[in-house]
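See structure below.
Which chain is which? They are A, B, C and D, in the order written, and residues in each are numbered from 1.
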Amino acid sequence: MGKKLNVAVIGAGRIGKVHAETIAVRIPEAALAAVVDPCAEAAHALAQRCAIPCVAAGADEILRNPSIDAVLICSPTNTHADLVIEAARAGKHIFCEKPIDHRLEMIDRVLEAVDKAGVKLQVGYNRRFDPNFARARRAIVSGEIGTPHLLHIISRDPGPPPIAYVKESGGMFLDMTTHDFDMARFLIGDEVTQVYAAAGVRVDPEIGKVGDVDTAVIVLHFANGVVGTIDNCRKAPYGYDQRVEVLGSAGAIATENCYPNYAVISTAESVRRDLPLNFFMDRYMESFANELRAFVEAVAEDRPTPVTGADGRAPVVMALAARKSYEERRPVWLEEVRAREGTLATVGH
Amino acid sequence: MGKKLNVAVIGAGRIGKVHAETIAVRIPEAALAAVVDPCAEAAHALAQRCAIPCVAAGADEILRNPSIDAVLICSPTNTHADLVIEAARAGKHIFCEKPIDHRLEMIDRVLEAVDKAGVKLQVGYNRRFDPNFARARRAIVSGEIGTPHLLHIISRDPGPPPIAYVKESGGMFLDMTTHDFDMARFLIGDEVTQVYAAAGVRVDPEIGKVGDVDTAVIVLHFANGVVGTIDNCRKAPYGYDQRVEVLGSAGAIATENCYPNYAVISTAESVRRDLPLNFFMDRYMESFANELRAFVEAVAEDRPTPVTGADGRAPVVMALAARKSYEERRPVWLEEVRAREGTLATVGH
Amino acid sequence: MGKKLNVAVIGAGRIGKVHAETIAVRIPEAALAAVVDPCAEAAHALAQRCAIPCVAAGADEILRNPSIDAVLICSPTNTHADLVIEAARAGKHIFCEKPIDHRLEMIDRVLEAVDKAGVKLQVGYNRRFDPNFARARRAIVSGEIGTPHLLHIISRDPGPPPIAYVKESGGMFLDMTTHDFDMARFLIGDEVTQVYAAAGVRVDPEIGKVGDVDTAVIVLHFANGVVGTIDNCRKAPYGYDQRVEVLGSAGAIATENCYPNYAVISTAESVRRDLPLNFFMDRYMESFANELRAFVEAVAEDRPTPVTGADGRAPVVMALAARKSYEERRPVWLEEVRAREGTLATVGH
Amino acid sequence: MGKKLNVAVIGAGRIGKVHAETIAVRIPEAALAAVVDPCAEAAHALAQRCAIPCVAAGADEILRNPSIDAVLICSPTNTHADLVIEAARAGKHIFCEKPIDHRLEMIDRVLEAVDKAGVKLQVGYNRRFDPNFARARRAIVSGEIGTPHLLHIISRDPGPPPIAYVKESGGMFLDMTTHDFDMARFLIGDEVTQVYAAAGVRVDPEIGKVGDVDTAVIVLHFANGVVGTIDNCRKAPYGYDQRVEVLGSAGAIATENCYPNYAVISTAESVRRDLPLNFFMDRYMESFANELRAFVEAVAEDRPTPVTGADGRAPVVMALAARKSYEERRPVWLEEVRAREGTLATVGH
């Protein structure tokens, strides 16, 4: 093992803490060099917990520090784009929580800055690193289930977020379904060309009043002919429901939810088990650690990151197209959305 | 128990045999009075096996026989419409295998004849009587999972039929998906108003050459706002895949496939089980018996049959709309198909 | 197909009816020739239902009838031994419900009579023919799990029988566990040499008052070194619990219970399914049909039956040894029980 | 939160590292103060990884340090007893890996020293803290399954340890089954009075040559009438098999194995999943963290530890009785073993 990668954490909130702990205990190839947060107390608490030697006064202090190799951007979404651009200009490798931004133009400016700086960028679509979904992808790559034909993604939250959050979220397709759009591209390994969204307000009329939907089915037409469906709902009364199913020419793979225990209780009423893991931090704990490990390895070995800037852009295009499809009640080509935005960039991977 | 219902079997093929055996052994309220089949040998074999006292020379002999109360029409599809009309005119109650016909005009003439004669008609959409799907329906009716929001039907055959059959089948939507269209209406208890079909040829190019598809996803917009998806493929390498999943406001229900045994084998390679039941006669054995029992009861108690003529018509409308959606790559209102056919009948249930 | 096997049913009760219906509908190689029952009404009802041409006045009328090839003895247990002996003397092949008798001397007299007459005898240990347990046996025979090391049988009733029945039953080991003793020999394909029974009264003190137990674990030492355990209880609140698990040198097989449906309901309380099949007639419906089919084939092809007289005797020896072990709180050699009875016969298979 | 508990780690091997990382990241109420290991390199590596301020020259340095509140004894088994005694005399609270010792006299001396010093002692029977087994215990304590009647523990290793290890291990009952003996007492919450062990050499004849067994069934008679069985094998070809099942008067609970993923792959061959977690460090990762958390809480709140010295002693008594039962082929009272050892202590909890 050579020199450790020196990493700074920008944002000491919930996800920043998760990433810091992962670096501290599970990734010996990296070291925590600094942390920053507008809330000094949060930054200091995290520094103490994870033995981080420096609490910075601001992000610029971190970006100016030549001993820091990489930053983990864990601050609020509306700060992502600027921070990535500044970090890129400072020559830091960047792990940025999803989404980069909700606006395609801004994403394109970010990707341009990263490209120009020649630094690594990994976007935090952590679910790719979940052992279940990673297993599904392996089944496809290895040929275990043959050529994929049909994909079905179930992605349901335990309950809707507060209305205040919904208002600022960009809408369900941008806020929630982007994870599933990324999952679809990841699993099938191809681009979606057209989407059709059937959606409605079933859970909470207030969500409808602020112009959003809470329940949807989105059909994905892939370039290679695969047809996918995403099944979204803001409320699954039994908890966090996160599954995928792929049918291929030689077989199928289906993943199950994760549970706090695997006990079955049989009584005179039913044969039952406890509810699945309800909180995304529990459900995806493993994937958060795995994505950081992959980032550190990509930097150390100078390889492309597994979730690139283009991978961060594509789900936003899909979300915009889904919204348009829902509004116009017709299938929408992704090309239409790109054209409208005047950013007809080639999205490959 | 009063007088037994005297039943004649028209068609001594595979499904006729199943129904005759059910009447013989499992439904004491009915008796087999006669059987007829163009193949006299088949008719006699069935008569012997099930102790049927009379092998008729033709269907008309049966229809003229005043001691016969009801007929089971198990002959080829293209004979169904005429036989139902004649049986209705002869005052017989009718159990008719699905579909009544592929043409809406012909179905409407059939329904008119039945209506005029005042006899009972039950169409053989047997899957409603499968213990799994019946359980799903009960979960909805009882409120166990609250108000339904989303429905997902997986319906995949073990392998495609011969091309000769495909050519005559009316296409996958009419031949295979009608079962799923019926299942969707049955489970949700409401009408579909619009469908969107994404389909393709993934399994066998020969199927494409004769103008059909072998893989499809169909989105169903229900009048009550529920969104449904049907996932069809002519080939599931692991066998017959028949499942449904419904998400409601208070919970979800999902059914599993049926297996020849429930043994789990764990070796150094995997934790595995044998393949699911592969043949529809095995998978739906119980449902075939249940649907006949329901028919006999409906006649005996002078109640509406559980699968009426209108229920037999609706899936055909949906299949025609799905085909149109696939061809025109847009969502299609069922109204469009009805209008085209000039039979804007009210389909209720 | 040559001449059909003419079969008479002795005893038109619950199990007699099941077997008659199986012959009538599912075994074309056999025909029902006569039925007899002390209750003439039951006999006539069964005759009508299954188109049996003759209702005999007594068993002797059947045994004297030269056109009858085989009898199904479905009468009460205390009549089995005499009927088997008489049927053997009359040259009829015999299917006899389990047990032949509770007394080893009587069983030995029966086996002698059968042996002398050279007729086939099959004892009704139907569970061997259950698709799950048959699958477990196949896993062992085929080498799929290697050489067996450990066997675990779970066999629990939904609830205890009436005390009046318990008094006459011969005790739990003879009444209930004999099925499991047979299963153990069947699965492992070897003889048990020693048993150790730990038992008690946990379900109903009344059972203890009449000298019986209602809960037990029995350890089986097989000649080949396999160690087996049987886990019995007269009451499983969730229903009929019938499972086996075998560990071998190359893997393990475990069977699950059977359910009326395979639906999973997820609500805010739990992820649950309905209770397993609760009634032995439902759970073992398939095995009842399979065992009769095997009997008819064994007679038709002049091969040994799959459950011989010796197979009918062995579980009784094991039950007697288990009782002795429980009473004396020590492991008991089967040899001790055989010696006590003065019938040191070689029990092989 | 008051003052943090200062903890020292004695032994920087595999399990020492696990415990240190848990303290570092998951238990904010405790702090790592020192580490010691005969291998200085291992000690320093762990110190760096977990930011431990002091690498001690020997255990005595740690025991003399007044700022250290508690020690985690993670050194080899044959050092446990002396270290616990010395730590107790030094007034340190003690978490000691299992077993305390293989000799009852030595254990009694240890318990006496701990008792005299008035310090806390927790023995590392971690499986009690596994979410599955903890759930089973909750089902019993809460009355969810009523009064327990029968217990079945499956505990099988993926493969046998090296013969050199077997020779020193004290035999399978002491080395492997002690975990299960502890589990039995934990789940049922009562003492075992008599055991019966059926065992043999099935996996590797070399194990037999050094006087040990590799496959066993142990029947446990509890004071409260519950009957338990433990099913042990040194080799489960499919991996680490760790399950329990309890039948009670109102229901049953059964736990499943844990898997690296919950994906099901269906192909033309089988419906399968990947093998269960194969390594005890993976399988019990959560339980290792939970037991330490419980220890820190017990010390902080001055409550009894959840696995006391008496809990550490009882499984050793059971193991000695099981060995005696196997050798003498008869059920053995635990009293016999205690008497033989001349240490008729009251073991309660």
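As a convention for this text, contacts are C-beta pairs under 8 Å (C-beta built on N, C-alpha and C of every residue); 3 or more make two chains touch, one makes a residue touch a chain.
Keep in mind the model is a prediction, meaning the values are calculated, not measured.
Chains in contact with chain B and with chain C: which ones?
Neighbours common to chain B and chain C are A, D.
Would you indicate which option in C-D, A-C or B-C repeats the interface seen between A-B, with over half of the contact pairs matching by residue number?
C-D
Measuring between Cα centroids, what's the chain most distant from chain A?
C
On a C-alpha centroid basis, what's the spacing between chain B and chain D, in Å?
Centre-to-centre distance between chain B and chain D: 58 Å.
Just how far, in Å, is the C-alpha centre of chain D from the one of chain C?
So the centre of chain C lies 43 Å away from the centre of chain D.
How far is the middle of chain A from the middle of chain D, if each middle is the mean of its Cα atoms, in Å?
Whole-Å distance between the two chain centres: 39.
Two or more other chains touching the same residue: where does that happen in chain C?
Expected reply: 236-238, 250-252, 266-268, 274.
Select the category (line, ring, star, complete, other) that matches the graph of chains linked by touching.
complete
For chain D, which residues are in contact with chain A within the complex?
Against chain A, the touching part of chain D is residues 21, 24-25, 28, 49-51, 131-132, 134-136, 139, 144-145, 250-258, 260-268, 274.
Which bits of chain B are touching chain A when the two form their complex?
Against chain A, chain B makes touches at 146-147, 149-150, 152, 156, 196, 198-200, 202-203, 215-217, 219, 221, 225, 227, 229, 231, 233, 235-238, 241, 247, 249-252, 329-331.
Over in the complex, which chain B residues touch chain D? Could you list them?
For chain B paired with chain D, touching residues are 236-238, 266-276.
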